[in-house]
Structure formats: structure tokens, C-alpha cells
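Both complexes below contain subunit A, partnered by subunit B and then by subunit C.
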Partner chain A sequence: MSGFWALLRKDLLVESRARDLLPSMAVLALLLLAVTGAAGVGAPGAPAMLWVTVAVTCALGLLRSFQQETDRDQLHGLRLAGVDPAVLYLAKAAANFVVVATVEIIALGAVTVFFGISIPPRPALPAVLLLGTSSLVASGTLLGGMLAASRMREVLLPVLLLPLSAPAVIAAAGATARLLSPEGGSVAGEIGLLLAFTTLFVAVAVLVFEHVVEE
Partner chain B sequence: MLLLVLAAVAVPVGIVLALFVAPVEAFQGEPYRILYVHVPSVATAYLAFAVAFLASLAYLVTRRPRFDRLAATSAEVGQVFLTIVLLTGPIWGKPVWGVWWTWDARLTTALVLWFIFAGYLMLRAWSGAQGARAAAVVAIVGFLDIPLIHWSAVLLRTLHPRPTVFRPEGPALPSSMLVILLFNIAAFLLTYLAFLTARMRQEAARERREAGTP
Partner chain C sequence: MTVASGGALLEVRNVTKSYGGRAAVHAVTLAVGAGRTVAVLGPNGAGKSTLLRIAAGIIRPDAGDVLITGRPVTKPEIRRRVGAAGHQTFLYGYLTVEENLRFYAQLYRLDPACIEEGLIRFGLRSHRHRPVRELSRGLAQRVSLARALLHNPTVLLLDEPFTGLDAEAAEALRSAITHLRSRGGAVMLATHAWAEAFELADDAVVLVAGRPALVEETAALDAERLAAVFGTP
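For the complex of A and B:
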């Protein structure tokens, strides 16, 4: 597991120096929210728009995290260094989580402004945000790794990630809507679903990652 | 060949039964007859995807090309049947519910599943042999996603009629309708098997031909 921290540190370091993934994803998210707000989507649509935006942004941005590794055959180097593919996945997913969570916080800020909503202080809300992020990142990192060597990856990642992550987006949007409403309510079902979704994808990824990441 | 003949006979017979022999439904009237196409298509589609799921698992474990071929062809044929489901559903829904579409759990699941396997087929088309393992993973998570999609939509809302056939207490259809429905389900399954075996043979021949060229 020491490999995990080294890989995570490397990815975050690369991103902090290159500064291309986070800004481009953030700008894309803000753009989507701005256009939909301008086009007439109001406060009732805000929770759904937040999550669709984060999902689309992930679908377009997460390829980047593996493209670094295929550009110059770094994956080979990592394998030769004895890195367990499951650890590689977990480290990539953790790095992606940091990036996507940051984008999401920015997006949430934009949503309050563009759609005119306020955020009641409900403890379940951060849980929904975290688990929604983990769901998108768990599935997006798995697919990103699988598609890194494919020539149609820019089209295939959104085409595959969006339907596969649909239950997470639906659950997160529904829970966010309930938590932002004045009455509030229980989101235990949605949280359970998001937890199940994240667990499913992490489990599958850990089991199959070495078989699907190729040159 | 035999399967194709049987299917070619069974499906028209089933349609005639559905249109002329089955009794009229009390509340919905004539439009309900599309049930005899819609329900068998649903059953066949989900069965086909289950086969694709199991074949994908088998392929990842054993790496035998036969399983990969089975997964790909079953997914392909399943997608055709799912398309029929998504076309016949709204045709039935418009006269009976007044709307072409709702985001009820069953419809949402069927539609999202359609997109998942559309992506699967695109992945196969564009990645060829190297994509086989990636495709297998997509089929596996795609199939396992089904209960999650359904559950997420239930947490949001539900309008689709409560199940009258596939229920724990047993079917609620009168036997005259049930018999014809079961006949049509069998006819559609025969059709699925006929297409599946024909495509499998086709894929095997194509692979042999490609392996033969230097």
C-alpha cells in the first residue's frame, strides 16, 4: 500500500504543476451551469443540473488522468516497478476524487448564484456530495483506465459513463433536491444506493483492473 | 436452421392469436393487445443481457473466445428486442395513459439499459479484439447496474402498472390471455435463439477467415 501514497502524491503533484485538468473541468462545469441557467432552467431544476453537470464534466475530463500514463508508456514502467494494478486504480481514483470534489464545490457555489437557491445547513448534504462524487469517480476511473488505449476513447467514455452512472446521478439529484427544500426529509435510501454503487464499482475495478489495462 | 423455421412459424401464429383469439381487455380495450409483443420482448431482452453478463464473466475467467462471441451476439440480439420494447411501450402508453413517456422506474431502467448496451456495441465496433476484455467489464457492470437504476428511479417516482404477470403471488391475467402470452414469449425466445445461433456461426466463420489470412 506504500505504492498507493506514492502514486497519489505523484498524480496530485503533476496536476498542481500542470494545472490543466482542474481549471478546464471547472470552467466546463461553470459553462454548462451558466448556459442552462440562461436558457431558462430555474431553481426546481438546480439539483439535477448540478449533478448532470458534474457527471458530464467527469465524462469529458477523467480520460486525462490515464492519458498521462499512455503518452509515453508510463504504464509499462509502473508494472515493471511491481505496482499492483488494483493499487494503481485506487490511487488514480483518489487523485480524481480530489479534483472532482473541488470542481463540485465550485459548481455548488455557481448553482446557488445562477439558480437563486440557498443551502440549509443539513448534515446529510455533505454526505450526499461526497458519495455522489465517489460514485462518479469510481466508475469514471475504471472506464478511463479501460479505454485509455482505445482510439475512440473521447467518445466512448461519455457514452459509457453517463448511462452506467445514471443511478448515482438520479439518486444524488433526488437527495440534493430533498435536502435543499424547506421541509427536508430522509435521504437514507439515496445514501444507501450511492454507497452500494461506489462499492460495486470499486470491487469490480479491484478485481478486473489488471486484465483490462493494456497498451 | 430448424430454430429459424420454428421461430418463423411461431411468431406469426402468436401474432394471429394475439390479434384475433385473445379476448378484449375490460379497462383498456383493443390497445392492450400490444402486450403480446411488448412483454415477450422485455423477457427476451433481459434474458439476452443476462446471458451476455454470464458469458462475459466466463470470458474474463477462462479467456475462451467462444464466450466472448456469445456475449457479443447475445448483447446484439438483446438490444434489438429492447428497442422493440422501447418502441411498443409508448405506442401502448399513449392511448392508455395519455402520455408517450414517464420517468417511472421500469421505463427509466429500460432506457438507461438501452444506452449502456448501445455503448457496449460501439465499444465492440471500434475496438475489435483488444476491446473484448473492456467490453466484458461493461456488460458485467451494466447488468449489475440494473437493480441500482431501478431503485434510484423508485426513490424518485413510479407510474408503470403494477406487475400483473411477473409477481411473487403468481400471474393475475385470466388464463385465456396468459396462455397466448406464454405462447408469444416462447415464440420470441425461439426467435432470439435462432438469431443468436446464426450470428454465432457467422462470427466463428469470420474469425476463422481472418485467422487464415497471413
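For the complex of A and C:
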């Protein structure tokens, strides 16, 4: 894991200075939720809208995270320094997780306002939010890396990420809907699916990322 | 002349790389020994930058291989012995000069004292807290050179390194190259400026359309012979 903390710290520092990714993602999330809330989607549709919003903003944000490695060929500098591509992926995913999770917290707050729902204290809810975000970030970071050098990346990432992450989005939305309902219920199946989804993409990325970053 | 492969720090063996069916580099073989500098000369589009990127292990050739101290540059631990500075700086615009150098020092697991050395060497101490995106082309190039030399590389690859440098920074670079050679390092320098090659290099390889058109000791070269190979500088 040599270089992981240096890479993670660098990514978060760049994001904190640039201040263009998180604000734009947050504004997009708020707009999507405000429009759908005002359109009368209503409380039953809130969990689905929450996760669709997170997935869409995720597609926007993850694309940018790799641009900071390509505008001055920084990726070449990392390769020269012998950075393990798997470590690069993990550090990128960790930094992306921080950004997407922050947007998700903002979106969750917005859902309560625009959809008029309250969030009951269910212990499984943080787990679903955590694993749903992990699933999106694990698959999105891999795709973001693969598309970093593509001229069509702005179009391709959302087009590929949304169907690819659909199983995770559907599972997370279903589990969130159950946990936000007065009756509650078990979400063990969804949690298992999200855990498997995250593990699968992290494992695949760790194995193939060397080929992804190679020019 | 390029040295025999047995004593070479950098060996490029029969390397070919094509883009879209067009050969950027074709069947190039060269070796750079300890304490030597090889200049890669050629007009724009001759394949100089591609050759340096292949030598650095940044891009894979379609054929042939590159060895650093006898081992393939494809191995990350071998690639770490290479320092490279080119058209792009590999720096992060939102980080300051010092933060960029610290980041690379951490990746190379270096003593933080090397950051100060790099800042002093290239006259960057007064710019240490400035974000790289606010620097002029010349200052950013200085930071890039400080980054490339931070880990005392065995092999230094420089692509048009004097572009944008003022006299003071150019002198600092000449001094750094001399220092690296004196401690047994090897330098490969791509340039289209003949004067730089004559001044700094022991040997020269002239590329024309990706192919080595002339391989010669710089002492045996003159402007007329170079002009005959690829026109006026």
C-alpha cells in the first residue's frame, strides 16, 4: 500500500483547493431533488430519487477525479515513481468515496425537505448508505480510469456507469425505501448484494488497473 | 559513440512504436553508459519524444525492449531509477511548488531534506508557496526539473529541457547534468537545438521520421553534416 496515503491526501487537497467538484455535484443533487420534489413525486418515490441523484452526480464527479491525473500527464509521473496501479485505484476510490458520501449526506438532508419525510433511527440505514455509495464509487472509479483518455468520456461515463451500477442502485433504493417506511423490515439480502457488488468491482479493478493506466 | 551494451545504464534495443499505422519510432537501438550523455536530435515529429517516453517505461513499444542497468524498465522498481522531464510537467496545478515536491518525495520515500535541495538548486525558494498553476512556463519547467532530479536518478531523460528557461535556470540544469554524470549517471537529451547537443552530449542520434539516420560522437559532428541529414536547425 506504499503511496496510498500520499495519493489520498493529494486528491483531497486538490479537491479542497479547486472547490469545483463538490459544489457542482451538490448543486446538481439539490436541483434534481428540488425539481422532482416540486413535481409531486412524493414520499414513496424519495428513496429511488435519492439513489438516482447520487448515481448521476457520481457519474459527473468521478470523471473529474481522473482529469487531474491527465492534464499535465501526472499519470506518467506516478508511473515513473513506481506507484502500484492497484494502490492508485484504491486511493482514487477512497477520495471519491469521501466526495460522494458528502454529496449523499447533503442529498439525504434535501430529501427530508423536498419530499417531506423523516428519517427513522434504523441501525441498518448507515450500512445501506455506506455500501450503496461504495458500490457506485468502486464501479465508477474503475470506469473513470478506463475512460480518462477517451475524447467521449463526458458522454460515455454516465452512459456506462448508470446501467452498470443499476443492480446496486436498485438494491440500495429498495433497502432505503424499506428502512424509511414505518413498518421497516429486513434488508439483509440487499446488504449482501451491495457488499458483493463492491467486492467484485474492487477485486476486478485491483487486478486490471495496471492495464487501465497503461498508455 | 554509444557504449557496448555490457556497460550501459540505459539500453534501447530495436524499439519500434506505431500510431495508426504510422511508425513514430522504427528499429531504434542505442545505449548510454555511465557518465555519458546522448543527444537525440531531429526535426519536429521525428519521434524524439516518443523514444524518450519508451525509454522511461511510460509507453510500451510495439517491438523491442528497454533496459535500465540491465533490467527491464517495465518493472516498477527499475522505472524508479529514471528521472524524466518533458513537455508536460507531471505537476498538480492546485498544489504549491513545495507540496508537489513533497508529494513526489513521499512516493519515492525520500528524506524531506531533498525538497529543500531541489528548491535551492533551481532557485525556487521564493516561489515555494505558490500554486503551480500560477507559475510561468519557465518557472513550472524549473519545478518539473527539480521533481525529475529529486530522487537522484540513475538515468535522466530530458525532452527539450531548456525550453522556457532563463539563463540562471539553464545554468542550474547544466550543473545538475554535470553532477549526475560525475557520479556515474546517464543522460538522454532530446532536442532540436544543435548547440545544446554539441555542448552537453558525448554522442548524438539523429532521428528522421522515427528512424536513426545518424549515430555519431558529437565531437565528430558539425552543422554541415547535421544539415545534410535533416535540414537547417
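Everything below uses one rule, namely that the second predicted complex is superposed on the first by the 212 of 215 C-alpha atoms of A that agree within 3 Å, B and C clash if a C-alpha of one lies under 4 Å from a C-alpha of the other, contacts with A are read in each partner's own complex, and residues count from 1 in each chain.
Basically, contacts are C-beta pairs under 8 Å (C-beta built on N, C-alpha and C of every residue); 3 or more make two chains touch, one makes a residue touch a chain.
Predicted model, so just to flag it, every value in this text is computed and none were measured.
A.B. asks: What's your read, subunit B or subunit C touching more residues of subunit A?
C.D. replies: B
A.B. asks: In the superposed arrangement, does A:28 touch subunit B (first), subunit C (second), both or neither?
C.D. replies: Touch status of A:28: no partner.
A.B. asks: So, does A:41 touch the first partner subunit B, the second partner subunit C, both, or neither?
C.D. replies: neither
A.B. asks: So, A:151: does it touch subunit B (first), subunit C (second), both, or neither?
C.D. replies: In the superposition, A:151 touches subunit B alone.
A.B. asks: For A:82 in the superposed arrangement: first (subunit B), second (subunit C), both or neither?
C.D. replies: second
A.B. asks: Applying the touch criterion given at the start, work out whether A:164 contacts subunit B, subunit C, both or neither, answering first, second, both or neither.
C.D. replies: After superposition on chain A, A:164 lies in contact with subunit B alone.
A.B. asks: Is A:193 touching anything from subunit B or subunit C once the two structures are fitted on A? First, second, both or neither.
C.D. replies: Touch status of A:193: first partner only.
A.B. asks: Once the two structures are fitted together, what part of subunit A is touched by subunit B and by subunit C alike?
C.D. replies: Common to the two interfaces on subunit A: residues 214.
A.B. asks: Mind listing the subunit A positions that touch subunit C in their complex?
C.D. replies: Contact set of subunit A toward subunit C: 2-3, 6-7, 10, 13-14, 17-18, 68, 71-74, 76-84, 214-215.
A.B. asks: Over in the complex, which subunit A residues touch subunit B? Could you list them?
C.D. replies: Those in contact with subunit B are residues 139, 142-143, 146-147, 149-152, 155-156, 159-160, 162-164, 166-168, 170-171, 174, 189-190, 193, 196-197, 200-201, 204, 208, 211-212, 214.
A.B. asks: Looking at the complex, which residues from subunit C come into contact with subunit A?
C.D. replies: 53, 56-60, 76-77, 79-80, 82-84, 86, 88-95, 99, 103-104, 106-109, 131, 147
A.B. asks: Can you list the subunit B residues touching subunit A in their complex?
C.D. replies: So the residues of subunit B touching subunit A come out as 60, 108, 112-113, 115-116, 118-120, 122-123, 126-127, 130-131, 133-134, 137-138, 140-142, 144-145, 148-149, 151-153, 155-156.
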